[in-house]
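Letters A, B, C and D name the chains as they come in the text, with residue numbers starting at 1 for each one.
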Amino acid sequence: MQDYRVSLEEIHTYVKNIEDTGKVASYIPELANVNKAHFGIYLNNLKGEDQHIGDYNIPFSVQSISKVLTLSKALQLIGTDVWKRMDVEPSGDPFNHLSLLELEEGIPRNPLINAGAIVIADILVSELKDPKNEFLQFVRDITNDQTIAFNEKVALSEKNTGFVNYATANLLKSFGNLKNDVETVLDFYFHQCALEMTCKQLSNAFYLFANRGNCMRDVAHLSLTQVKRINAIMLTCGFYDEAGEFAFEVGLPGKSGVGGGIVALLPNEFVIVTWSPGLNPKGNSYLGMQALEQFTTKTGKSIF
Amino acid sequence: MQDYRVSLEEIHTYVKNIEDTGKVASYIPELANVNKAHFGIYLNNLKGEDQHIGDYNIPFSVQSISKVLTLSKALQLIGTDVWKRMDVEPSGDPFNHLSLLELEEGIPRNPLINAGAIVIADILVSELKDPKNEFLQFVRDITNDQTIAFNEKVALSEKNTGFVNYATANLLKSFGNLKNDVETVLDFYFHQCALEMTCKQLSNAFYLFANRGNCMRDVAHLSLTQVKRINAIMLTCGFYDEAGEFAFEVGLPGKSGVGGGIVALLPNEFVIVTWSPGLNPKGNSYLGMQALEQFTTKTGKSIF
Amino acid sequence: MQDYRVSLEEIHTYVKNIEDTGKVASYIPELANVNKAHFGIYLNNLKGEDQHIGDYNIPFSVQSISKVLTLSKALQLIGTDVWKRMDVEPSGDPFNHLSLLELEEGIPRNPLINAGAIVIADILVSELKDPKNEFLQFVRDITNDQTIAFNEKVALSEKNTGFVNYATANLLKSFGNLKNDVETVLDFYFHQCALEMTCKQLSNAFYLFANRGNCMRDVAHLSLTQVKRINAIMLTCGFYDEAGEFAFEVGLPGKSGVGGGIVALLPNEFVIVTWSPGLNPKGNSYLGMQALEQFTTKTGKSIF
Amino acid sequence: MQDYRVSLEEIHTYVKNIEDTGKVASYIPELANVNKAHFGIYLNNLKGEDQHIGDYNIPFSVQSISKVLTLSKALQLIGTDVWKRMDVEPSGDPFNHLSLLELEEGIPRNPLINAGAIVIADILVSELKDPKNEFLQFVRDITNDQTIAFNEKVALSEKNTGFVNYATANLLKSFGNLKNDVETVLDFYFHQCALEMTCKQLSNAFYLFANRGNCMRDVAHLSLTQVKRINAIMLTCGFYDEAGEFAFEVGLPGKSGVGGGIVALLPNEFVIVTWSPGLNPKGNSYLGMQALEQFTTKTGKSIF
């Protein structure tokens, strides 16, 4: 672990010397208020010898990172039936999101693009009695932290400006791939995106993906097969149109969010979470990507 | 005009001998209740010597035919500013409607595809104090018939099942090409589609496009330039993905609707309206298309 | 005809006062040598009272205008069988030409886009014993001018740089919609594009489309139905992605070429040809488009 | 290793009981002659304790598997300059290959789709004096086997029917992303695809990707960073439109070819090669995919 510690500090120094050309997400007005200067890393080595640096303990909006958690809950509830309603292929398309949905007749390419995550939300709305609270409780349980909460102001801000998500949900509905009504599903979806967690909390939540499906309290939440497949999906689809680039440069399964967070993990070894709100043109944290690239270069740790 | 009379009767006979393989539109439940056996033609020769056959006097849902009327009203209100918000090119795309909107960043290809007509609806909602009633009054005025009305049951049925239109309006909104809120614009749009008119009433409404902008009472509603351009748009864009085919086979500007109506016209000569609810796979009236093809073949009347 | 004369002169004056922002086609090196300052108009009123102005008598490369002539020859040879191998719909797509061909499995959208014209060339190569010479003779016959010829340097220049046409022909071949080998078909195609004609010669060639299929010597080359359909295709597909714009602004069937020529016509009334080598961003002559718009505005002549 | 042996035999039994619904590739006539009943597996555990079963020692056409080897050679020759001419993102598109190239202006999405591999071929043609022989020598060297050769009949068969590859190369040329002439580049490309190797030889060739860049004779051919990146590209892009599915079901970097071969590997642990000529609808070996899925399920070996 000594190597890791050196790396975190070196990485912080390295990143401090880069001009942050990233831009804070502005299309959700509440997110635009975040201070771009925040930077934090949390490294969980699965053995209780965690390390951290910077703003690792300040909550931020997890946004799309939540899609991995809703997918996990959906797999827990209905297993492989999830794959009757979506595919597991990279979307590969930098800009043409709704067209793919049209061409493929309402079957999202994977659960980590918005269309797929909205279908996952629809599954949870169908399967849970009190969807928002039960999903929140699932996140609190796997994280072992009852303080995690939705930011209602962010959720409302997403609802008021989420026209593309409304377009997507209505298109899914037109193809019969949304069972509940659009408003109910999107209310859930906007809340999952508005979850607030710290780097530390996220590393605890994703512990189970590095630990064969068992959370920090050693409770089994997912089977080993399910975990391997979620990790495979993160690797191939976790970074929008930069998924290939991330696999190429970093070589770890991971997921980013427009709140500036990135989670990445090496099975059986570690979970690492970075937070830096400035985004590159593809919507991934500019400094976070560089920090992770440095981390895997310096430690030599990757799945390849 | 003698030739024309012969034609109408011959056409009716011709069409009666064709098996109607068309299907009544079913995605709007209220439209699915229409009896497919209806068939009517109304020919208005601009000189008061009209001719007709069959169910020319039964009101039906005009659906997309209304787009020509809302476009006319929008041109009356804001003139060429309409073209700042949409183009005049054929869409040319058989299936991939939302993708074109994505690629072209929220600028609909023309005012006769749904995306364009929704922007036109947005213009009318912005410009009129009481949009639905004022538009209805415009239609009554140019038709000189105060009995024309919206079918509220059809409008509601469209609203309840119009997921693709909701998707389109939200996508337009995301690109900033919808000024009013989605619900208000679509409420207007679903009502314009739910206008009910007979073949005769439609021929009277479209009289102004064959008569240099002047309606039957000789009131000028549009300039000659505006009328010519609306006719050009009908010719290039009036029949979904069959616009080229219609120009090729029939050779007249026209517009169809999924209620089974088709209006076509030869400037300075006539307006002809057909109604037959069975639709071909491209969404145009199966027998109506054949009736009009026969009409122009037998009379030799076309713009080419 | 007096009005027409006035128009031509006024139009010349009007156009001389516009800054020509067009660019001479440069992707075919031989075409790039043309002097952008050329400007000519030729108006053929079908009665022998022709008018002209400027460089109406200098030959230029007709390029895509030849597609209307090869289509005519193909219809003469195999009639409606032409439509088994292509459609008649506008392509509507500003940039994505090969993708449409892929999506529609090798069936070009219409005979005036390159893919369609290459299939037409394939038909002529199959049907004629000496394709290039027989086609040239056809053009000379309808024009009543034995001096018309291919420019071999231009044909060679097209061959050396025609990678997109090679891509298109090979894609057509892969779908089985090219019967002859790629080199033979493209040799024909590059020659047809390299035809050189003056404004006057072009107006004589297109005389038959304004004159119900009969050429200047009153020989019938096409049926009235064929002529009407060719005119319909010119109107809906004759100007690349500006077809709707041309129908909207000018309101005449026509065809442009990247050599800077435009032919337009009003059935039973006239053929007008303009030449100005500077092209707008969509590949149509910048000043030619404006000249024709002025012409129809001032004369009030259009099909609508 | 005992587990592995059990697995190979079990897998053979498992696979023998599956009806092979796959189809032998027929678009290259020479490939269509292969007997679909062939089946072989070769497992190289990096320690000299190899195992095998079935037709592991019969040469077959490696086809697209060669793309990993040409990419390796190109990286060896010009390093990261390779990435100036193509991207590393999954193509994600099941059918619309040339359109993506058009949209992205001649920049292939990755080096394992045909467009990317043709650009790699262009690089080798530029960089090598005797491209085909020097590349063949590279393959022989890393495999430590001087008997490996091109099948000239297959190469010729590919040339005679490779219309889509001609279309692709010409499109690349039109965008300036092909430096040499189309014929020369495709001659190289058709030969690389026509390499013939056995399962055993392929496992020896791919040994270096499991062994940090060093071949069986412990000669360093690629840096560790290069190897990791090649493995990442295989994982995200190695199986056409089934890349996500393979990562999801198998969880190993790998590459398939339409000759029916699949190579997969776990860094630092093993290389496994399967051969079964029947292809599933996405172009990957039907039984090979199932054999590898069984192998990773039974051994629990994957990168996730």
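Going forward, a contact is a pair of C-beta atoms (placed from the backbone, for glycine too) under 8 Å apart; a residue touches a chain by one contact, two chains touch by 3 or more.
Heads up on the chains, UniProt names are A, B, C, D = Glutaminase.
In this text the structure is predicted, and so the values were computed from the model without any measurement.
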Chain B and chain C share contacts with none
The pair out of C-D and A-D sharing more C-beta contacts is A-D
The distance between the C-alpha centres of chain B and chain D, rounded to whole Å, is 55
So, in whole Å, the Cα centroid of chain C is separated from that of chain D by 47
Chain centres from averaged Cα atoms put chain A and chain D apart, in whole Å, by 32
Residue numbers in chain B touching two or more further chains are none
Every chain pair meeting the touch definition is listed as A-B, A-D, B-C, C-D
Chain C contacts chain D in the complex at 95-100, 102-103, 163-164, 166-168, 170-171, 173-174, 182
Chain B contacts chain C in the complex at 87-93, 109-110, 224-225, 227-229, 231-233, 235-237, 241-245, 247-248, 251, 253, 267, 297, 300, 302-304
